[in-house]
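Let me give you the structure first, and then I'll get to my questions.
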Amino acid sequence: MAGSGTALYAAGMIVRPRPSGLGLVFALRGSILPMIATRLAVIVLLSCVVVWLHHIWPVHVGVASVAPFTLLGLGLSIFLGFRNNSCYNRWWEGRQQWGALISTSRSFLRDINALLPEDDPLRRRAAHRIGMFAHALRTQLRGSQTQPAPDWLPAGGWARPVRNRPGLLLSELASEFAERMRAGEISDISYRLFSDHMTTMTSIQGACERLRATPMPFAYSLMLHRTVWLFCLLLPFGMVDILGLGTPLLTLVLAYSFLGLDALGEELEQPFSATPNGLPLDAMVRIIDIAVAETLCDPTPEPLHPQNFVLL
Amino acid sequence: MAGSGTALYAAGMIVRPRPSGLGLVFALRGSILPMIATRLAVIVLLSCVVVWLHHIWPVHVGVASVAPFTLLGLGLSIFLGFRNNSCYNRWWEGRQQWGALISTSRSFLRDINALLPEDDPLRRRAAHRIGMFAHALRTQLRGSQTQPAPDWLPAGGWARPVRNRPGLLLSELASEFAERMRAGEISDISYRLFSDHMTTMTSIQGACERLRATPMPFAYSLMLHRTVWLFCLLLPFGMVDILGLGTPLLTLVLAYSFLGLDALGEELEQPFSATPNGLPLDAMVRIIDIAVAETLCDPTPEPLHPQNFVLL
Amino acid sequence: MAGSGTALYAAGMIVRPRPSGLGLVFALRGSILPMIATRLAVIVLLSCVVVWLHHIWPVHVGVASVAPFTLLGLGLSIFLGFRNNSCYNRWWEGRQQWGALISTSRSFLRDINALLPEDDPLRRRAAHRIGMFAHALRTQLRGSQTQPAPDWLPAGGWARPVRNRPGLLLSELASEFAERMRAGEISDISYRLFSDHMTTMTSIQGACERLRATPMPFAYSLMLHRTVWLFCLLLPFGMVDILGLGTPLLTLVLAYSFLGLDALGEELEQPFSATPNGLPLDAMVRIIDIAVAETLCDPTPEPLHPQNFVLL
Amino acid sequence: MAGSGTALYAAGMIVRPRPSGLGLVFALRGSILPMIATRLAVIVLLSCVVVWLHHIWPVHVGVASVAPFTLLGLGLSIFLGFRNNSCYNRWWEGRQQWGALISTSRSFLRDINALLPEDDPLRRRAAHRIGMFAHALRTQLRGSQTQPAPDWLPAGGWARPVRNRPGLLLSELASEFAERMRAGEISDISYRLFSDHMTTMTSIQGACERLRATPMPFAYSLMLHRTVWLFCLLLPFGMVDILGLGTPLLTLVLAYSFLGLDALGEELEQPFSATPNGLPLDAMVRIIDIAVAETLCDPTPEPLHPQNFVLL
Amino acid sequence: MAGSGTALYAAGMIVRPRPSGLGLVFALRGSILPMIATRLAVIVLLSCVVVWLHHIWPVHVGVASVAPFTLLGLGLSIFLGFRNNSCYNRWWEGRQQWGALISTSRSFLRDINALLPEDDPLRRRAAHRIGMFAHALRTQLRGSQTQPAPDWLPAGGWARPVRNRPGLLLSELASEFAERMRAGEISDISYRLFSDHMTTMTSIQGACERLRATPMPFAYSLMLHRTVWLFCLLLPFGMVDILGLGTPLLTLVLAYSFLGLDALGEELEQPFSATPNGLPLDAMVRIIDIAVAETLCDPTPEPLHPQNFVLL
């Protein structure tokens, strides 16, 4: 049914049902596993060496020597939990801002459609500029376009070379609105309405720039990353006395969850990156393209669909 | 008493008092138990096998070998706690957005009722469109209607085929308001008031689409799901030495709480799904139908009541 | 001093200083103890039986068999901590919404007082309707009135029988304002100002209905409630080997904190219930009555004072 | 440099650098230590008695009897952590509301200065009323004035005796603005601007009253307070077997952190109290006095400076 | 590509990729290590002494004496986790406020550019004042300028000596706008639009002053700082019996993570300080300078680039 279409194409980059049974064990696509495979191999190798050393040179380290590791490991879990929560919040705020951009663009388009006279060329130009804002913001956050652009996008790059291109788009639009206001074609209340939409768009741009340019404090990430490494490297020594041959297995499981969360946090920290867990900016830009087209009664482009489970 | 009616019919899907005593033990409806029964059976079976193996082939694994499981289990609890909190927040945000839709619809209806002249057919049309927005959003989020629709809903599907049907409803409404404004029947301040209500509705639509289309990062869910499984599968091996015959019982309790939270998180992650813990969209759409009817002094439909403890 | 009066009468239902010394041990009023006394008795009885059984039939369960209980108990603490935090947030949001209702009512009254001409009967009628809104919302959330109502409240029930009575009050008010606007007595800007106050009030109503009608997901509460019970029932078995005769005491303390938090969460989940820890809706409605009276220069009613430490 | 002055005088009540080295050990001012000294003494005394009893009557309680205390203690840490976080959020919200009051007062003063004609006596009167609002709110929250008041404050108490004095100030101001509007001296848009500032101020007042009058649910505080006490009292019994003579020391450290956090939470729960960790309301009222003076080009009073590390 | 430039120059002070491999171990720049090096040395030295004492005078402290340390350490982790989260939130709110200042400045500049007639000298003056606001706020928060200022900044200090210089800038601007309004050059709606931008800027200023002047409650920081120290000092005594020669290593790792988080929290608590993890105020002021220049079509200054990984 067509009505349920809009929501479907704004999905996160990995779009697949959660696998079950054996599929679960071997699912790699969208997993964090490939990213930390090398590190895990190092840890497992180390713990095998430790088991072997312990076998040929059995020093009894003490009956409960796993206790300090429990202390370190749980402290680490707590700090890692808070950090991961903050990274997830950054990712989710990125999605919220882009969702707000979609909503604002739609409201802005609706008001332009209703308030500007049918025969005013500004109407079409303004709608296109709203679409261009999303394209420009996407380019600013992620780099050059990979999807076919709508034909109203200027092919050979855009006009005046400025640092803040999305800002320029709105600035020129505001000047045109003010001109119409001075000509008495729209009231100052209508200008204010348009200006409020543009203020919202500028705030969204500022928030996206903030998320992109200010990662979590470097010292914080570095300290947790270091402690996770140290913990995983020391783990086999602490467990070999108790677990014997089971050491590599449990070390692997623990290292998987700790290194995995650390790596995942690092990825979610940058919600606009083009990694498999980044946000699908291209698909969201396309939703705005569709809104522009439906406002102008132009032929609407197709929404983007995930390819090989990945939506860009 | 009629006055206390409004609040009663916006309940969550499972509407039942918390059972007590034996009822608590055997309550299945609305419990997460049926969903994880198979998994629990696997775990219990496994732990029985482990106990039997340990009985016929008693390897002493070490005096405190449960310690690594404590470490893994508590780390997992912390990560699962944060994830479940985030899933619950998604569910609750879904409810907040629909609550905001009810409030905005009521405020919008009130202003239309007050500001449009009594004999203007737009008045009735606009009220119906506000009701249709809720129906269209519900359809977009959950699929085809299951409840009898009010008679003012277009029976054979709705007009122009567009991707964003709720958006089209508002867009046409805005054009009619602008027409009235140009005709001098409402002031530009009133247009702005209506436009603000519509901007709120568009934001709510955007937020609902965001919640529906962007689940938590796939790698995050997958990693936690995997670790929970690994933890539950390894648990009997760690506890058999200490607990002996009590192993299956405690394994069951632990697996119940870990697998249950994992499954529940997965369900709350999608607040608009038609599962027993999803949000009662139908009941909330009906509240808006009632608001439309009371504004137009039409006969009001009955609020929905839970059937077999479930409200859709 | 009179100036410090306003803040004092909006207190929570239990209004008493925290007892100290022996008073602390025996304080029952406002404690969660009476509510969970039966459950605690069951647990203590069970643990006495377990100690006695262990004495006459001493099976050595294992040197560290408390470890699985630590794992279960701490996992539970974490999940319970998150759930209780969410329940507290619901309670606090309920208080925030009623605080916002007080503030909005005051601001609305101020603007009505300033903008409507002194001899307009709408002035007094509008002020009364704002007060009636609070009374109607209170009735919708908690049921029939227990406090003496101000004399301007319609004694024999209110006019038209509608489902959404607070909504009707605002709707009729809006129509009267629009009439004045069409008569040129107030400007469209002033109508917008009044409309914004009413939109805020409608949002508050919607949020209160949301809190009342949508508890936390039933499966979530049920699962935690079950796990807490299971944990408390199993606890004596796990500790008897280590603690011996001290088992009932420590079981009691642990069960007190776990069952107590569970019961308290359940109570805070419904902030508008008439339980000892519910919100003092009557006292807050009275604050709005006072604001109405002070605006109209009528004799002001007395604020409500706690009776037997409880404020309704 | 004068430009950096504003930020410096809005500090928390305790204004001192964190001591280091030995200073750290003995710093008492601003510490929570004096408040819990008696309780700590009781605990230490008890644990000395326990050690002595254990010495003369050595019952071996079990090899790992500290485990139940770990379970209880960590559960308690989690619940205490959440509660302290909520108390801190209350304290911080109090500061945010007063920060918002400073900002709103400044913006309101700026608009009054710009929009009211230079020779209108309302200009000076309105500025003074904005300052009086802060003084009245401070009095409502904390009681009688301790700082020298500006000379424009009415010396012998303020006019009409009402319960809600800050509200009366705004109400009278609104009536005067409406009068000017009817006289055509300011537009309805300007009235709306002033009204919005006053709505913000009323919201701030409501939020402060909420924080002052509604502490955390009594049952919640009571239960945690009781459990902390029980935990600290039982602690020596659990640790004496393992730690021997070291028991009092470790008990002290643990009791210090648990009782300290409990006491601190209780103090932060009431952000407007005149305790050493309360908010510096006097200093913030003075900032608003300065803003009033700078708007009217009157001589500006001195900002408050901390005395003996404490800012009121 | 020029379009992606805006986001890049608003980075945090430490701008470097996370090192890997050996680089990770030895990275010092931006690490918290140099700040806590002395403290760590003290702890390691102490634990060496403890090991040596234990070697020459082996008192068996008990088989599981690490348990009380686990209890203390995990409780501490939880409290430290909450505190660090709050400190991070302060830091992030600082960044959000400055991001909002950038967005508001851009929106304000856009509206001034569109609404003021081309030949009005106020246009250029207003744009400069918006830029001066950011410079003045930066000076207020951090002290004297270190970067070359744009040539439109008054070289010999700024006009009237007032405490609240950013406020004076806006106040004078508002008076000029009101003058234009009275002269009929801009409408009251436009004044309101400008006033709203200025209200936002004043709120941002208030929030920044709040973050700078009100650290976390002194008693809270002090108590955690003390407990962390005590914990680290007692740690070797608790672990020497179990870990023997491994004691200094594990003590170092644990002390590194606990003291490191404590020191980092202290640093993030003051987001505007000129430490390596502070916010890059200079770079953000420069972004606003660029926005001013692009609005006035003046030559745009270069964005700031990190020097030696540090951006001021």
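Each chain carries a letter (A, B, C, D and E) given by its place in the written order, and its residues are counted from 1.
Note that a contact is a pair of C-beta atoms (placed from the backbone, for glycine too) under 8 Å apart; a residue touches a chain by one contact, two chains touch by 3 or more.
Composition by chain, UniProt nomenclature: A, B, C, D, E = Bestrophin.
Keep in mind that what you see is a predicted model, and the values were worked out from it rather than measured.
K.L.:
What is the distance, in whole Å, between the centres of subunit A and subunit E, each centre taken as the mean of its C-alpha atoms?
P.N.:
Here subunit A and subunit E have centroids separated by 23 Å.
K.L.:
Compute the distance, rounded to whole Å, between the mean C-alpha positions of subunit A and subunit D.
P.N.:
38
K.L.:
Which residue numbers or ranges of subunit A touch two or more of the other chains?
P.N.:
Answer for subunit A, listing residues that touch two or more other chains: 63-64, 67, 70, 74, 76, 78, 81, 189, 192.
K.L.:
Between the chains shown, work out who touches whom and classify the graph as line, ring, star, complete or other.
P.N.:
Per interface graph, the chains form a ring.
K.L.:
Could you list the chains in ring order, beginning with subunit B and heading to subunit C next?
P.N.:
Order round the ring from subunit B, first step to subunit C: B, C, D, E, A.
K.L.:
Inside the complex, what are the residues of subunit A that reach subunit E?
P.N.:
61-65, 67-68, 70-72, 74-76, 78-79, 81-82, 86, 136, 139-141, 143-144, 158, 161-165, 167-168, 170-171, 174-175, 177-178, 188-189, 191-192, 195, 198-199, 202-203, 205-210, 212-223, 225-227, 229-231, 234, 237, 266
K.L.:
Inside the complex, what are the residues of subunit A that reach subunit B?
P.N.:
Against subunit B, subunit A makes touches at 1-12, 14, 16, 18, 24-25, 27, 30-32, 63-64, 66-67, 69-70, 73-74, 76-78, 80-81, 84-85, 88, 91-92, 95-96, 99-100, 102-103, 106-107, 109-111, 113-115, 187, 189-190, 192-193, 239, 241-244, 246, 249-250, 253-254, 256-258, 260-261, 264, 267-268, 276-277, 279, 290-291, 294-295, 300, 303.
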